[in-house]
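Structures follow.
Same chain, two partners: chain A is paired with chain B first, then with chain C.
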Partner chain A sequence: MGEMIYVPTTLEEALQIRKETGARPLAGGSDIMVQGKRGIGLCPELPYSVMIISGLDELKGITASEDGSVTIGALATPSEIASSSIVPWHVRKAASGMGAIALRNTATIGGNIGNASPKGDLPQPLILLDAYLVLASERGERTISVDDFIIGAKKTALMDDEIIKSVVIPHSSFTYSYYRKIGMRRANAISKLSLSAAMTVQNGEITDFRASSGAAGPKVIRSRSAEDIIRGRKIDEIPSLKEDFLSAWNDAISPHAMPEYRRHTTRRMLEYFLDEISRGAEPGIIGEE
Partner chain B sequence: MPATGINDRIVRVDAAAKARGEAKYACDYTFPDMLYAYMIRSSIPRGTIDSIDMPNLPEGYYFISAKDIPPEGKNELWMIAKDWRCFADGDVRFVGETIGLLVGPDRNMLKYLSEHIEIKYTEMEPAISINDAIALKGGPIVGSDNVMCQLFVEKGKPMEEVFREADSVFEETIETGFQEHVHLETNAAIATIEDGKYTIYASAQCPFYISKAVAGLLGLEQKDIVIKQTTTGGAFGGKEHFPDVLCGPLLVAEYKIRKPIKLIFDREEDMLYSVKRHPSKITLKTALDKDGNILGIDGLVYYNGGPYLSGTYVVLQRGVFHANGVYDIPNTYVKGIGIATNTFPSDAFRGFGAPQTLFAIETHMEHIAKKFGFDPAEYKSRYFLKKDSETITNGHIIERVMLPEMLEKVATASDYWRKSKEYKTGEGRGIGISFYNHGGAFTGNGEQAIIKAHARLVKTGDRVRIEVGSTEMGQGFQTTLRKIAAATLGISIEQIDYDNPDTSKVPDSGPTAASRSTMIVGRLVQRCGEEMKERWNEGDFSVEKEYEHPEGHPWNQETFRGDAYLGYGWGCAAVEVEADKLTNEIKVVGIWSCHDIGHAIDELIVHGQVNGGIVQSLGYASMEKMENRKGYFKQTSMSDYVIPTSMDFPKQEWSLVENPYEWGPFGAKGMGELVFNGADAAYIDAVERALGITVHKIPMPPEDIEEALDAE
Partner chain C sequence: MLSEIVFYVNDKKTVFSGNPLTRLIDVLRDDLHLTGVKEGCGEGECGACSVLKDGKLVTSCIIPVGAVNGSHIYTIEGIRDTEKGKCIVDAFVEGGAVQCGFCIPGMVMAAYALLESNPHPDDEAIRQGISGNICRCTGYDLIVESIKLASERGGALWEK
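Right, the complex of A and B next:
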C-alpha cells in the first residue's frame, strides 16, 4: 500500500523531512514514476516515501560566478540547460538530445544524476568537465565530484539525510571539443553510446586533454591515466601516441551488451577526434555538421 | 448540399473528433456495476501446470479459467482452425498464454490478487527459433515434426532439369525478425449482456471474426453473440484475430458473472503478450547461365508460427504466392512451411506474409545483379511480369503492368541512374531500389467461396446509411466508403451515415483485412448505390448486394493453382542513404516511390498510407528489433522497442500511375498493405552499396552493421 508523500515548500523543511523520514526527493518524476507504474487505471506506487521538491526555489536557476564556473540548480530542466548561453557546450549539447520535448521540460539535472543510470545523458559531459555537486543536509553542505558521487549503475554516494542542491561546472576553455550520442533512433531515444572529448592547445603543446564515455560500463568512464598519454605532449606527437591512448581507453571501458559495437565505435570516434586535430583542424567543435 | 465527386479533396470525416479527443474508444466506456478483468498468463514458455494456488478471493471477485466453460462449450477459439485454447489447461505452450481471468470491482485488489497467485510448473525445454523447431528441440510441439502447415507451388520444368543445365548456382538464406504492431490504442474489450444477448464491445478489425471465434465456448451459435466495434485506434493486423484472445475469456466470465466486464491491456502487456509478424527464414537457390540469366529458382520458406495455427497457414500461402516478387521466373519451385515454436503465436501484420518473401527475392535478385556486374534496377527490370505472364501459381497476370513506367518515374525523380553509377561502393553514400506488389483481397476465389461478402445501403428521406461489417481502424475507410457511396448516388457525403459496425445490425462484409475493403466492399457499395440511384424516387428502401466473382478466373484451393489474385497493387521505391563511418548510423536522405493502386479514391488518405507504410517498412528494416531468446521477448516498452519518429526519415516524394481496375469501385484496387511491401529492400540495397557489405537479415541497426562489416 502507498507510502507517505511529503510536499516541502522550503529547502530547510525538505532537509528536515529528509532527515526524519528518509523520504526520497522526487522532482520531474520521469524516472521514478515509470519505476512505480502498476498498469492501466492504477496510480503508481513506490516502495518508499517521497517528497516532491519541485517547488523549492533554492534548487532552481542557472548562474555564472566570477571565477568562470557555472552553478546549475538541481531542479533545472534539460530544456533550460540546453537554452542557457552560460552552460558549457558539452552539457548543453547533451541536454538538447535527451528524450523528447515533453521529457526535456519535465526531467531535472539533479534527477538525471541521482538516478545514476549508465545511459543517463548528463553525467557523461559533467564528468568530462570535472563538475561537482553541492549536497545539502541539516548538517550543512558538502561537495563531491560527479565522478565520485556516482558509484555504479543506480548507486550513488548520497547519504540518507542529503539532497542534491546544485551542480557546479568549473571554468574550462577548450581549443577542440567533441560530443556524440548514438541513440536507437534520431529523436526520443535512450543512449546506446555517448562520447565527449576535449583538448586545449597552447603553442603546439597539449595543456589539457580529456574524454568520457557514456553507456560503456556500469558508470561513465573517464580514464585519467589514459588521458595522460596525450596530455602535456606536443600536437605533432599525436600520431605516435594515438595507438597507446586508444588501447588504454579500450581497456578502461567495459561495455556489457553489444561490446564490439561499443568498443569499435568509441575507438573510431576518439581516433577521428585526434586525427582531425593532427591534420590541423580549425579550433572549435570537431565533426559538427 | 453539393454532390461529392470521387476526386474531391475532402477532410477525413473522423479527423476532428479524434483530434479533439471526442472519439470514444473502448477504455472510455463505463457501465453501471462494471467489473474489471486482469489476465493471468503463463510465465514459462513450455511445461505442465502442476498447481494453481489462489489467495482467498474477497466477495465479488472471481478467477475464471478452463473449468468455467460449460459442458456444452469447448475450450477453443475458432480462428482458421480451432487449436488456440481460450484458457491453457494442463500445460502451457508459450509465455503469455492465458491461464485465467481475475475479475472484480477494484483494480487495486485485482493487482494485489494477481501478485499472490502461485502457479507451479514442471518446465520443459522450449523451441524458440525456426532452427530450434526444425531440430525438434525439447521434442515436437505439433505432430511429429513441428510442421503446422505446408504447401508448394511450381511453375515450368522440374528443378533437377533446370539445375542440371545451370552454369552456376547462387544460394543464400535470408532472415527477417519479429515485428510488433505498436498500434496507438492497446487491445481492449468489454463484455456485457444487452437485451438478453451476450454483447461485446471491442477494439477490433473484424467484428464477425470475434462472434465466430467465441460462440463455441458456450455452445452457442455465432448469431447469439453481438459484437459492437468501438472506435479503433490502429490495428495493422494486430486486431484481426487477436481480439478473440481477449473476448473468449471475457465471454466465459460474462456467462458466470453476468455483469459488464472490462479488459484493457496496458502497453507492456500489449508489447509482450500479443501477436507479432512472423519471423522468417527463406533459402533461395537460383540456377544461372554463364551470363547471369536466371534459369530457375528453388525456394524454401519457413515462417515461425508459435504453437497455434491462428492465421499462419493463410499468411504462409500469401508469402509463397509472392515469393517470385514482381518477376517472371521461367521455372520455380517454392515450398513453404509454417513451423511451431514456443513463442507467442505470430499472426496478421500489414502485408500478411508477403513482406518477408518480397524482401528475400528483392535482396536475392540484387545480390545476383551485383555479382554479375549489372545495375540491380536494370537487371530486375528484365524479369518484370507483364499482362498475361504466367504467375507462380500457374495463373496469369490479368491487368496491364506499369512497372517500366513506374521505374522511369522513380529513376527520374531520384536521379537513380546517375547516382547508381557515380556512388562508389563502400564510400559512405548509396542509393537502392526495389519493386514489389500485393495481391488484392482474399486469395483465389476465397471472396466467393469463403467470405460471400454482403453490403447494404438504407435510404431514409434524403439520407443514406451504409451497413457493412467493415471497420475504420485509422486507415480512412469511414471517409473512403462514404465517398464511394456519395459519388455513386450523386449526393453529398454529408448525407451519408456509416456507424461503427454492430454485428446484429449489419450484414457480414468479410474481415477488414487483405487490402480488400475498398476493392471488394467498396465495389459492393457502389453496386448498391447504382441501383439505389435508379430507384431514388421510390421513397425509403434498402438495397443489399452479394459479392460476385468475375467469370473465367479459375482457382483450385487444394492444389494452389490458378489466378491467385485478380488485381495487384504494384510499387517501386528508391531510398538514398549516407552512412556515418564512425558510428555506422544510417541517415536516409531521400525516399521516392511510385505506386499503381488502380485509381485513388481519396488522394489525401492514399498519401497518408504511402508515407506511413514506407516509414513502417523502413523501421522494420533498420531499427525495430524484437528479440526472443529463451521464450521471453526482450523488448518490453516503447523505449527499447523503437519505431521511427518524424525525425528519422526525410519528406518523401511520391507519385501514382493511373491504371483503373475493371472490378474495383471507380477503378480502385487495394493499397493499404502494398505500401509496406518494399521500402525495406530498397533501404538495405542502399546500405549495402554505401558500406560495401552484404546483408542477409533485417533489422539492421548499427550494431548489426558493425558485425556485417567485421565479416567482410
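Right, the complex of A and C next:
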C-alpha cells in the first residue's frame, strides 16, 4: 500500500526527513496529485515517498533586498507572484498567464521549477533574468542558476537531500521588455510556446539585450553568443545586425528541438521586438495593446 | 511532524488522521458528506470541485488534505445560506444560469471569490473569474449575466 507520506512543520525537520528517506517534496501538489491520480474516492498512489511541505513558513514570502534583487520563497503561488509589485515584470506576466485562478492559487514556483517540464511557464522568464536558486540541505545552502538547475525535460540538478528554498532574481532595469505566450486554450492552458526579450539602451547604445524561449525544446533556450551580436552595438545598427542575430539564434537551437512552425513563430516574435525598437518605439513594454 | 491534520470546514473543526495524501475532495464528500462539491475531471481542469481555502478559490481534487492544516475551507454548503451566498444563488436561479446543475456549485464558489475581490466586475473580468470552470450545458452567457446581476443586486454587500 503505497509509500510513506510525511508532513513536516519546519524546514529543519523537512531536511532531516529528506536526508533520511529521500521523500520528494510536494508543495502545491498540482503536478504530483495528477501523476498519482487513481480515480474518484481513491487516495493517489506514487512510486516514491512524499513529504508535504506546504506548511513550511521558511519557504514563503517575497522580499526585496538592498542590492535590488528579489527573493521569492519556493512556496509562492503564481497569484502571489503576479500581484507583487516588487517582482520583475516578465515573471509577473508569466505567472499571471498560468492556468486559471484556482490553479494560480495552488501551484508554486518551486514546483514549477522542480517539475522541470518543458511546458512550465516560469523557468523561461527566470532564465532571461539570470535568476538563481537557493537549495537547502542538512549540509547547508548552495546556489545554482535556474538555467544550470534544469538539465532537461523533467531532469534537474537537485540532490537527494536537497529542497528548493527560494528563487533569487538579480536587479535589472530594461528600456524595452517583451513577453508573449501562445497557448492552446484560454484557461488552464499549458504553454506551447513562449518568448521573453529585453533590451537596455543608454545614449543610443545597447548595453543589455537578452531573449529566452520556452516550451520549444527540452530546455529553455537562451543563447548568450547570439545576444552578443547585438549587445554593445548602437540602436541604429539593429537593421544590419538583425539577420546575423536571428540566424545565430536559430543555430543555437538543436535541429530537433522545435518543429518548423515554432521556429518560425519564435523568429517572427524576435524580429517584431527588434523592428519595433529600431522603428523608435516608446520605452516600456513592446506589443501590449 | 504532523500525525493529524486539523482544519476548519464551514467553520467546523475537523481532525483527519488518515493518509495525508488523501484528496481534500474525498474528505469533504466521503467523510463530511458535503456532496455539493462535485467531481468532474479529477485533474484540476474543470472547476466542479472548487472550494475556498483561506478565502482563495482552489480545486479540491488536486489538493492533498496534508496541505490544508490550519486552513479554513468553505464549500457551497457553507456559503449558500449566507447573505452573499444567497445573493449569488438567487441571481443564478433568476438569470436562468442553471441547466443540469453539475457545474453550478463550483461556479457559485468562483463567482463568490470573484465578487469578494472585485465587487463590480465587467464581462471580461467575469469570464476570467470563471475561466477555470467548465459548463457543458449553458454556453456561459447566462452564467455571466447572472454574476453581473449578483454584483448589481448585492451592491454594498460586496464592498465590505
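Everything below uses one rule, namely that the second predicted complex is superposed on the first by the 282 of 289 C-alpha atoms of A that agree within 3 Å, B and C clash if a C-alpha of one lies under 4 Å from a C-alpha of the other, contacts with A are read in each partner's own complex, and residues count from 1 in each chain.
Here is the rule we go by: a contact is a pair of C-beta atoms (placed from the backbone, for glycine too) under 8 Å apart; a residue touches a chain by one contact, two chains touch by 3 or more.
The model shown is predicted, which means the values in this text are computed figures rather than measured ones.
After overlaying the two complexes on the shared chain, residue contacts for A:Ile182 are found with chain B alone; chain C is out of touch. In the superposition on chain A, A:Val50 makes contact with chain C only, while chain B stays out of contact range.
Contacts of A:Thr265 after superposition on the shared chain: chain B is touched, whereas chain C is not. Note on chain A: of its two partners chain C and chain B, the one contacting more of its residues is C. When the shared chain is aligned, chain B and chain C each come close enough to touch A:Gly41. Applying the stated contact rule after C-alpha superposition, one finds that A:Asn105 touches chain C and leaves chain B untouched. When the shared chain is aligned, chain C comes close enough to touch A:Met33, but chain B does not. Across the two superposed structures, the residue set of chain A contacted by chain B and also by chain C is 39-42, 186-188.
Taken in their complex, chain A has these residues touching chain C: 2, 5-9, 13, 17, 26, 28-30, 33-34, 36-37, 39-44, 46, 50, 52, 54-55, 79, 99-103, 105-106, 186-188. Every residue of chain A that touches chain B in the complex is listed here, in rising order: 38-42, 180, 182, 184-190, 192-193, 258, 260-261, 264-265, 268-269, 272. Contact residues of chain C toward chain A in the complex are 1-2, 5, 19-23, 26, 29-30, 39, 42-45, 47, 50, 53, 56-59, 61-64, 66-67, 69-70, 110, 113, 128-129, 131-133. Against chain A, the residues of chain B that register as touching in their complex are 27, 36, 38, 107-108, 111, 264-266, 268-269, 581-585, 623, 639-640, 642, 644-648, 701-703, 706-707, 710.
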